[in-house]
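The first chain written gets the first letter, and so on, giving A, B, C and D; residue counts start at 1 in each chain.
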Amino acid sequence: MISYLVFFACIVLILSLLTLGLNLQWGFTGLFNAGVVGFYAIGAYTHAILTASPQPQYLGNFGLPWLVGVLAAMAATALAGWLIGLVTIRLRGDYLAIATFGVAVSIQLVTLNWEPLTGGSQGLTRIGKPFAQLFETPFGFNLWFLGLMIVILGTTYWALDRVLLSPWGRVLKAIREDETAAVALGKSARRFRLEAFVLGSTLMGLAGALYVSFIGFVSPFDFLPIVTFQVWAMLIVGGSGNNRGAVLGALVVWGIWAGSGVAVTKLVPPSRAAQGAAIQVILIGLLLVLVLLFRPRGLIGEAAVVSRHVND
Amino acid sequence: MERRGRSAVVSAVALVAGVLAAAPAAAQTCPVKIGGVLPLTGSMAPITKKIAQAAELAIEHVNAGGGVKGCPVQFILRDDQGQPTVGVDAAKYLVEVERVPAFTGTISSGVTGPIIASVTAPSKVVQITCCSTASPFTLDGRSGGYFFRTIPTSKTQAYATASETARRGMKKTVVVYINTDFGTDMLRFYKAAVAKLGGEVIAEVPYNDNQPSYRAEVTKALAAKPESLLLIGFPKDAVTIVREWLSLGGTKSIALNNSMRTMDFVNGVGAKFVEDVFGMDNAQVAGPHVDAFNKAFEEKFQADTKGPGVHTQYDALMVMALAMNISKDLTGPSIKDAVRRVHVPNGTPVGTGPAEFKKAVELIKAGKPIKYFGATGPIEFDANGDVTGPALVWKIKDGQIVTDRSITIEDMQTLFKRVEN
Amino acid sequence: MSHGVAPHLQVTDLVAGYVRGLPVVHGVSIEVDRREIVTLIGPNGAGKSTLLKAIAGLIASEKGRIRLGGRDVTALPAHRVVSSGIGFVPQTGNVFTTLTVHENLKVGAHLVRGSLNERLERAYALFPPLAARRPLRARALSGGERQMLAIARAVMADPTLLMLDEPTAGLAPRVVEEVFRQLRGLAEAGIAVLMVEQNARAALGVSDRGYVLTEGKNRFAGPARALLDDSRVAAAFLGGR
Amino acid sequence: MIQALADGILTGAIIALGAIGVTFTLGIMRFANFAHSELLTWGAYIALVVVAFAGPGTPTGPLSFGWQLLAAALVAAVLTGFAAWAVDVLVFRRLRRRGALPLTMVFAAFGAALVMRHLIVLIWGHESRYYTRELQLAVELLPGARMLPDQIFILGLALAAMIVLHAFLAWSRTGIAMRAMAESPALAQVCGVEVDAVVRLTWIISGALAAFAGVFTGLTPQLHPEIGFNLLLSLFAAAILGGTGSLAGAVVGGFLVGLGENLSLLVISPGYKGAMPFLLLLVILIVRPQGIFGDKA
């Protein structure tokens, strides 16, 4: 039981990291990134390719230490975020969304088709886990990983708070709130946006590296568009523009997703499992709609949201 | 805001914990729990329906035949939605909360892979799949010997297919295959075998599943002017592909893989249009144990047993229950070793159905070895946890799927030697 | 103003704003009669535009009454306000740029049943430059032509009260004169005209009466001539010239 | 090459029908309705129910179905139209009145889509269904271009539906009001246009066209609960490619996406087909950020 909760918490914290990255882009900068899973994938695969134990049929699988994989994953996603941002960031709203969505789909297809590097649909295994050899049981490793995640997420959370209170963070909010301010800043507004995009993407890459080093296996099926939707649902349910909301959203949405499965298993006999599973997904959809109906700005809305309308 | 946020956190945690607490944390007492993870929703769901029914039937037979160690078996089935994270969570839940020592699952290798890596191997529980064929899972030792499958690897089927296409003199073949581990494995092994056995692959067209139309892929395949088609995939998309293929004037000389051995496929395309096709399937040598399963399934669900994973799923759970009876205790490591003792060369043969299971349990109690013949034939695992079974060639006659001929285990072994040397 | 009969538009102690509980208009009362032009002036943020939008039903009023021709229109949704006889020309985005001139006029008469041909011809007769631009998209019009189209569109529904939010903003002086001349003509035809103007001196010049609003409240009111001559108004609200 | 062009036009026609609804919700309701694809599915299954009662009809001429299927499609169009409106009343209208942000609407739509799709699973199951078991052989239209008679018929019907809709938007007063509303809801209101009425009409039209797209997809050759969902990305790519809110845009976008998907296989591996609509989109957005027929806001 405890062991499952520890495992569950690790997943929630990894998802929180993704949601925090997205919150920086959307909640604080207004960038509609619908390609979250693409950056997650880049981080995951970079880590996997660098740290997985060597195998003759693959170009990668260098067997490098865990920390190298994590840092390289962040660097690779930052670079990818910069390149993708450079091309797409001037698009507005929905168009940026569909463009980033397309980028994520393309990245997933590359992981599926570039077999010598990514293992294609077979995936890569034996990926570097942090100090896994020190632990006898999976529970021990999970507990240690949870501790590690708490430190990483806590540090990220703290650093984001700092950054957003800094002049740089205030400029971001100004750009998001006020188009004229953005126009007045001209070229540098785009630079600020790009920086936020890169920083957010880097967090997503970190989450990807942590996910595969927790699970120990990666395949293209980890990066289907549904993951992007889940992360967005977490941010919207929790309340965008608010880091506490982002973390809470990850907990609530993933809790609903996993918990409803347990509930259905308890209530529906196995012979009706197919219908039960359909009901589970219906419940997930219904809960999402209900949360949004009754708290349209998320569980923890942004405090200063009213200010925008007063000056109309 | 502050307080509301915090109370939301508390209630969310309470919700999760409450649901989980409802599960009694019992092991070794009655009933004995067996887990299952299958994609009950999502794109694989159409083929899962019968697989889940086969699982249900197996559990029913086990319980009617005396259960495990005198206890009835409780089967806890979770949905993986075809999503790796969901599947891993479900498996973790089964192992850590429900404390199952063994579970069956799942179909998509993209979900099975992370489950092996993060649940099965580290937690030392037994996992038997009906359907995940990705070749590396059993080969590279990643599972620590805890992962088994009752479905022969893609290699067996691919070699058998190549021998049959060669026998029928199929030339200038285009291979249209699903772009997953299953499809790429099949293509790779098929090409290797064809090179030795005769025949020529003139074009390879991968396809991604769940496309609304495959006209582009079919057009591309036809552009190579093939004389025959080998289609590797799953029935839903295959119906669309074959219909588009035929209506665009493609040849009727079509070879298919095991998944298409289902009336859904035949009726989907239209029986009169597929008179010339043939397909492969694993194992299922004829015999009383196969018939017994087919009969029991047809009676219970008013549906035939043709379809991917139906027989193998039944065997996965029967093997698991037999092994749990053989095992000295209900822990993963000892069940793992017991799995290899369900088909002992000098054992007493036992088959499918409740009566045969009961007989097996009594033999086990008496300390005698058993030799299980399942719904797919003799179940004997090799060192990797794979089965090599016989194969059969099926065709369609008068709107029905009939067996054309069988390839025995001995034939298969010769075939392997011819291809791999 | 004091005819003994109730004025055509009568707004009493109106409280309104964009967000409930944060009003921008704090209890304003104004009256407009048919055949007269009334101008609202005041500094930025005085609530002039908000007042017009509240009368038009685009934002909800929290307190107070709006009566038109003796009928209470306070709580009506915007499209019902139109059918009660109020035409509104917002300050920005007051024409549909993706629609042609002709289509803009048709939308203006959305609530009118039956054939529109007669009305359309009347509108083109009233604003001859538009007739030549009939098939063009409104995006292609000049600033003055747009303003003309916006007014023509608003009168397509035969309003008894026409409200305009800064109808001359950004227009050349010659065009400003033309717009005011048109408004005078509409008033003489029997319409009550209520406008908000930054160009206060010129607007009061063509108006019958005026109101000065500050911080969402009434400050001064009176005949246009009197306001123009009032040194307090002139110093604070009419600018240096 | 010619075959790929013909295929592209066919796929494009169906995508265009679906994309019209997407572009309308984007233009008038101002949010990306992820539940739109489920309207295709519902339309297809409603028609299936009608066909189950009336039968697909005896094949008429070269077609594999009779008038019954067309009648079924019409019934499905009407019912799906109202279903779309019902979803609006139950979910989206409430959110609009609460001043929800567009993104909140998007995720409510995502939730609604999950519910709608799995209700189909619950009612009809996962198995594939068929309107008709007939299999047609393609006729050679041009040298090297084969098409099924059914598909030619569908293409004609789809084009007819688009022309009717275009005429409605161009000349009817209600159509003009819809376009006015798409540009500026506030200004439309002060012209006396009732927002709720236009919204209702928009949903009904979108739902009806989605139902047609769904039935047409289901006809070649099968229905399953994910039939609409599998088209979702193409629909959105088409709508945005054409420029949101523009009928012509959605139609041209639909054909471009259809052609792009089919022609691309001449040069790239089919493994990358899924990325095609987006690469096309990316190129066009970089050249023309507001879409082909979009207006600069």
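Before moving on, here are some points about what is shown:
Throughout what follows, a residue touches a chain if its C-beta (ideal position, glycine included) is under 8 Å from a C-beta of that chain, and two chains touch if they have at least 3 such contacts.
Note that the coordinates shown come from a computational prediction; the quantities given were computed from them, not determined experimentally.
Set against the Cα centre of chain A, the chain with the most distant centre is C.
For the pairs B-D and C-D, the count of C-beta pairs in contact is higher at B-D.
Annotation: 37 Å between the Cα-based centres of chain B and chain D. Chain centres here are Cα means. That of chain C falls 42 Å from that of chain D. Chain geometry summary: the mean Cα position of chain A and that of chain D are 31 Å apart.
Distance between chain centres (mean CA atoms), chain A to chain C: 51 Å. Residue numbers of chain A whose C-beta contacts span two or more other chains: 112-113, 274, 278, 281. Across the assembly, chain D contributes residues 118, 121, 125-126, 269, 271, 274 that each touch 2 or more other chains.
In the complex of the two chains, the chain D residues touching chain A come out as 26, 32, 91, 94-95, 98-101, 103-104, 106-108, 110-115, 117-119, 121-122, 125-126, 233, 236-237, 240, 244, 269, 271-272, 274-275, 277-279, 281-282, 285-286, 289-291, 297.
Those residues of chain B whose C-beta lies close enough to touch chain D in the complex are 41, 43, 45-46, 48-49, 179, 205-208, 210-213, 215-217, 219-220, 235-236, 239-240, 243, 246-249, 264, 267-270, 273.
Remark: chain A residues 26, 32, 87-88, 90-92, 94-95, 97-99, 101-103, 105-106, 109, 112-113, 225, 229, 232-233, 236-237, 240, 274-275, 278-279, 281-282, 284-289, 292-293, 296-297 touch chain D in the complex.
By the touch criterion given at the top, residues 1, 4-5, 8-9, 12-13, 15-17, 19-23, 25, 36, 38, 40-41, 45, 48-49, 52-53, 55-56, 59, 75-79, 81-86, 88-90, 92-93, 96-97, 108-111, 113-114, 116-119, 122-123, 134-136, 140, 142, 179-181, 183-185 of chain B touch chain A in their complex.
Residue ranges of chain D in contact with chain B, taken from their complex: 3-4, 7, 10-11, 14, 118, 121, 125-128, 130, 133-138, 146, 148, 217, 220-222, 224, 226-227, 230-231, 234, 261-262, 264-266, 269-271, 273-274.
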